[in-house]
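As written, the chains take the letters A, B, C and D, and residue 1 is the first residue of each chain.
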Amino acid sequence: MVLMKKLMMKGNEAIAESAIRAGCRLYFAYPITPQSEIAEYMARRLPEVGGVFLQTESEIATVNMVYGAACTGKRVMTSTSSPGFSLMQEGISYIAGAELPCVFVDVVRGGPGLGNIQPSQGDYFQAVKGGGHGDYRLIVLAPSTLQEAVDLTQLAFDLADRYRNPVLILADGMIGQMMEPVELPEMRDLSTLPDHSDWALRGARNREPHRIAAFNIDPVGLEKMNKRLQEKYRLIEASEQRWEEYRVDGAEYLMVGYGTMGRILKSVVDSLREEGIPAGLFRPVTLWPFPKRRLKELAKKVQLIFVVEMSSGQMVEDVQISVEGKVPVHFYGRMGGVVPTPEEILFAFKEVRKWK
Amino acid sequence: MVLMKKLMMKGNEAIAESAIRAGCRLYFAYPITPQSEIAEYMARRLPEVGGVFLQTESEIATVNMVYGAACTGKRVMTSTSSPGFSLMQEGISYIAGAELPCVFVDVVRGGPGLGNIQPSQGDYFQAVKGGGHGDYRLIVLAPSTLQEAVDLTQLAFDLADRYRNPVLILADGMIGQMMEPVELPEMRDLSTLPDHSDWALRGARNREPHRIAAFNIDPVGLEKMNKRLQEKYRLIEASEQRWEEYRVDGAEYLMVGYGTMGRILKSVVDSLREEGIPAGLFRPVTLWPFPKRRLKELAKKVQLIFVVEMSSGQMVEDVQISVEGKVPVHFYGRMGGVVPTPEEILFAFKEVRKWK
Amino acid sequence: MVLMKKLMMKGNEAIAESAIRAGCRLYFAYPITPQSEIAEYMARRLPEVGGVFLQTESEIATVNMVYGAACTGKRVMTSTSSPGFSLMQEGISYIAGAELPCVFVDVVRGGPGLGNIQPSQGDYFQAVKGGGHGDYRLIVLAPSTLQEAVDLTQLAFDLADRYRNPVLILADGMIGQMMEPVELPEMRDLSTLPDHSDWALRGARNREPHRIAAFNIDPVGLEKMNKRLQEKYRLIEASEQRWEEYRVDGAEYLMVGYGTMGRILKSVVDSLREEGIPAGLFRPVTLWPFPKRRLKELAKKVQLIFVVEMSSGQMVEDVQISVEGKVPVHFYGRMGGVVPTPEEILFAFKEVRKWK
Amino acid sequence: MVLMKKLMMKGNEAIAESAIRAGCRLYFAYPITPQSEIAEYMARRLPEVGGVFLQTESEIATVNMVYGAACTGKRVMTSTSSPGFSLMQEGISYIAGAELPCVFVDVVRGGPGLGNIQPSQGDYFQAVKGGGHGDYRLIVLAPSTLQEAVDLTQLAFDLADRYRNPVLILADGMIGQMMEPVELPEMRDLSTLPDHSDWALRGARNREPHRIAAFNIDPVGLEKMNKRLQEKYRLIEASEQRWEEYRVDGAEYLMVGYGTMGRILKSVVDSLREEGIPAGLFRPVTLWPFPKRRLKELAKKVQLIFVVEMSSGQMVEDVQISVEGKVPVHFYGRMGGVVPTPEEILFAFKEVRKWK
């Protein structure tokens, strides 16, 4: 297959190709809609570049293969959708505890339970607060366009390697299924990727064996491991908060939304501005670390924050924590795979504005 | 076995016996320290009362057996510890989506990963924010003494039935392993328990079949299901916030902690009061719904809130959301199964008080 | 449910009810056509008599639950069909090696692979020669009528207990699905069943623990275990050969067939006798031990043996071994779930007779 | 790694390297003693030649991966030991029914059950009579030296391809663990291997999809499939019977044994000949098809057949069937991983000879 630099792609495929170009050569997954195209693409494409695609027999198997593969320090990825991601929570806690670099993609579907295959943002808590047990954090990246999905996939592998931490790309079926023109990066030269030979398990010939575990029977030892984790998390919180601001200059009303919702809110802001209502958009790109610092600053300048999610309200808690009661925070959400239209958001916002 | 009304019991056994007295006759589990005594007790005791104990082949099997059993409307329970609870997250999301009554016990151990078997509060996020996917909530109860463990186990089954919602008893190895005298309630008369024959699956003879699912391919239908869930959650938030206050009258400093930590904080408060420092304790008993309403009121009356957790700080976010920036919130935590002593908490608190 | 002594039943149900009347109170299974009625019957009926029905999550789980349950010395059964029985082979080898009493029912379907759900005798080798690894034997009983299915089910439990050996009832969909009037035995008084308290695992209170294993790292020790098994098998071969003879007096032609096929061959024999052709039937009832002794005697008296199976020819090998070349052995078989008609068997037999 | 043509190797490694040189590039397995060196060798060596090694999560997974891989028409192998082979029986029946080429290696250990890891021949029945359900056959090859193991591994892949049938190499821990000098064949040029593009599943671009199944709901259709299988089996029986004869000229006593036992019987024959007792050896190389034709001829020339197996006597049935009572067949066996010495065999034989 010859891939030109810029081309029309489906979101799922764009993420897959970007992963390969980032140097990912190991991919394990169990199929689930609406992201199965990632697995299909990987099945076809990875052998072409000397990589390994493996369809596992369950998500439990998947996450543990990712765990094993990540121990080698090579770039490894899996992708799934909500119920599948739930099944991976135990393994993710182990991987985070063992401080291993790897990339997860969760193309969220309507929930809870089997739900449906429509786009949703109902898994924010699971993704950001840690669905698994123990004090750990995933770095969570939320693209709102296909180009951003491609770019954040590159970033995901780099952050995973830099911090030896699992990174999650949190998308939804809208991102996964739509087609847009994307510019793909060059294929990385694998020899330029982080080496990791100081800790990776690659056969202990002529050296002391390395040991990787998320286990310490001694509380003092386990606390030491946790403190190292927490220091790393503080470093990530200090260094990696990412967001987009749109028309926030002079804004009195601040819309907050991420991913697909952030994209829709741009047109809501445009409509409001056209009507002369000074609105702006704050779109978190990293959901963890949540861009609290900047949001706290912006909170001082606006009269009202209006959070919109495709959920019953989950990220809104991080907004509340960030603004510390300095400005009213209102919420509007749709659930079950319903994507709110700009019109209904406009209507809902104006209702809220009236009350104020 | 003859059980007197009041007797010396181990925490795990007290929870098990209380469950049986609450009418629980179905219990499935896969063993994991530090809660295996619950399973052992159930294995011995359930056959005596005509109940079914089943050791499953994995936690995935367990949660799906709970799902199936809960469909009958009978009182069903499982218990596990952190990694096992992670494995149950997919099933829990299904159960919550299907609105089924059942009781989970998570005796939290040190994490992340395999961690260790010491007491910890590192799974607050998982328990309270929803470890699984989708917009759902567990009612979460956190006992700080064995008597409370017994009483909350009774409450757990009643709330599960009242709201058709899974209820989680969040404990730790300290609660599970310690011995204290407890007063056990009388054995419930099973015929007085909620009937549930209007929805339960018990064989559709001479009636239309019932149908239980957490699935709706249609976004509008799935949103309707979600709206019903959210209405129920709002009702629970309005009706079921529970907490304990201790020496809050005239308090300028408010300690906040739950479970084992709340118990320890009582003696910290006593020590401070002895030194003339006006401290009080706010101990959430329901972690969800978090007792925001009362904490918000108390926040207006104190100068400083001091949250202590056996974690890197998780419940502290709900404290922050509740107090809306009205008073400084400080945090002290230990991790990895280390239980903070009253002395070190006193020391840490006094340091914080100095800065202020 | 009130069950009269004699009534019209489906074969699968008759086997199930007979098992219960034989004292079976433990039954585990995973559903597979054409024997799922056994599981359905057990699910409904066992609770009525204080028994335990459990649908497992796979045949692997089933056979290991049977293994565990059989360790208690209580009467335990499972049932399955061909592919399911293949999945149980590892466990069966363990159970046979550990010398545990239990009863398997295999309602054979067309094979190999998924095959189809029609009646077949294609699993004779698997059943009789040992589908699993190692030198072990199942006692194999092959009913040809529903009444015999009922009676052999009683015998199966008794032989299993007497020899501490798994017993297999080998049937087919014809036996399982047809309806015939059967006379059921009285319900056994459980207190009269073999006690087994000298070896069973029932909690080692006030005695040395028992130990059950099919494992011995030492070759001499393992050979000793094998010798004990082989001695038992020789005893069974000496004591338990069972068969039916039909019109063998003066027979020059001996038909041999088991199960459903034996039943059909009776009418073939009748037709031949009507035509003045002196034919008789030898119908093995125990497939292991194969009734060699009697067949060898009969072989001396006839000119030709005609074996008919619903397979490509498997039992025919045991016939050959029994007759030691003393008389020609011819074979006719149908496969894939095709049940030969009396007419085609007559035709085939006459062709063979011509050649001779 | 550079591998010279002739070199000292362990049996398990020799089989592995021979498989690779035969063109095997796909190998899946779950570890079990005494053959884990095959997997270890494959794990190291397959990537060097562009092949895929995969350690599966169970033998059930293994056999189904072999099934899937064999559908591509590429050369695929797995290896295991007795309990693992039992777990594969369902899948083997499917593979045989679907007529797919692939190679199994079973390095038999002491049984039944977990048994031990010593050499044994207790799985002859399972291997030869079909451990799984339905009328199917494996081609079974039994090497007695390492060089023969190397050569039969080559043959195994060729027969598998020629007949589209699974082939089993039945060895034991003696063969697997001993070291001998072996001459390895050249690496096959993959482009010269059978193409199989007329039936293999490789993506149905620009052609009608192929379909592979061991399933036919219609008895007539399933019988047709079975007839095709049986015709193939008759062809194999006619063409592929293989054996070794040793000093049979003028022999009055015929020893029969396969694999490791055949090797030991050679020195028994030599000892007898030295004593002037005219003994010879018949060593089946193909266990299925059993070399009946030649054994039947030889039976006419000898006074006594003496079968020795490392089992309670399994192959002896095929000897009996072959000789049709024309000469007495005696048996001597050891079990549980005990390998009989030449001395004890001599002694046992002479005892038998006396009786005669």
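FYI, a residue touches a chain if its C-beta (ideal position, glycine included) is under 8 Å from a C-beta of that chain, and two chains touch if they have at least 3 such contacts.
Chains and their UniProt names: A, B, C, D = 2-oxoisovalerate oxidoreductase, beta subunit, putative.
Everything numeric here is computed off the predicted structure, so don't read it as measured data.
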Intersection of the contact lists for chain A and chain B
none
Would you mind checking which chain's C-alpha centre is most distant from the centre of chain C?
A
Starting from the mean Cα coordinates of chain A and chain C, work out the distance between those two points in Å.
58
I'd like the Å distance between the centres of chain A and chain D, where a centre is the mean of that chain's Cα atoms.
52
How many Å are there between the centre of chain C and the centre of chain D, using C-alpha atoms for each centre?
29
Among the residues of chain B, which are close enough to touch at least two other chains?
none
Line, ring, star, complete or other: which describes how these chains touch one another?
ring
With touch defined as at the start, can you tell me which chain B residues reach chain A in the complex?
60, 82-83, 85-87, 89-90, 93-98, 108, 110-118, 120, 122-123, 125-126, 129-136, 213-227, 229-230, 233, 311-312, 314, 317, 320-321, 323-326, 334-338
Report the residues of chain B in contact with chain C in the complex, numbered from low to high.
52, 54, 57, 61
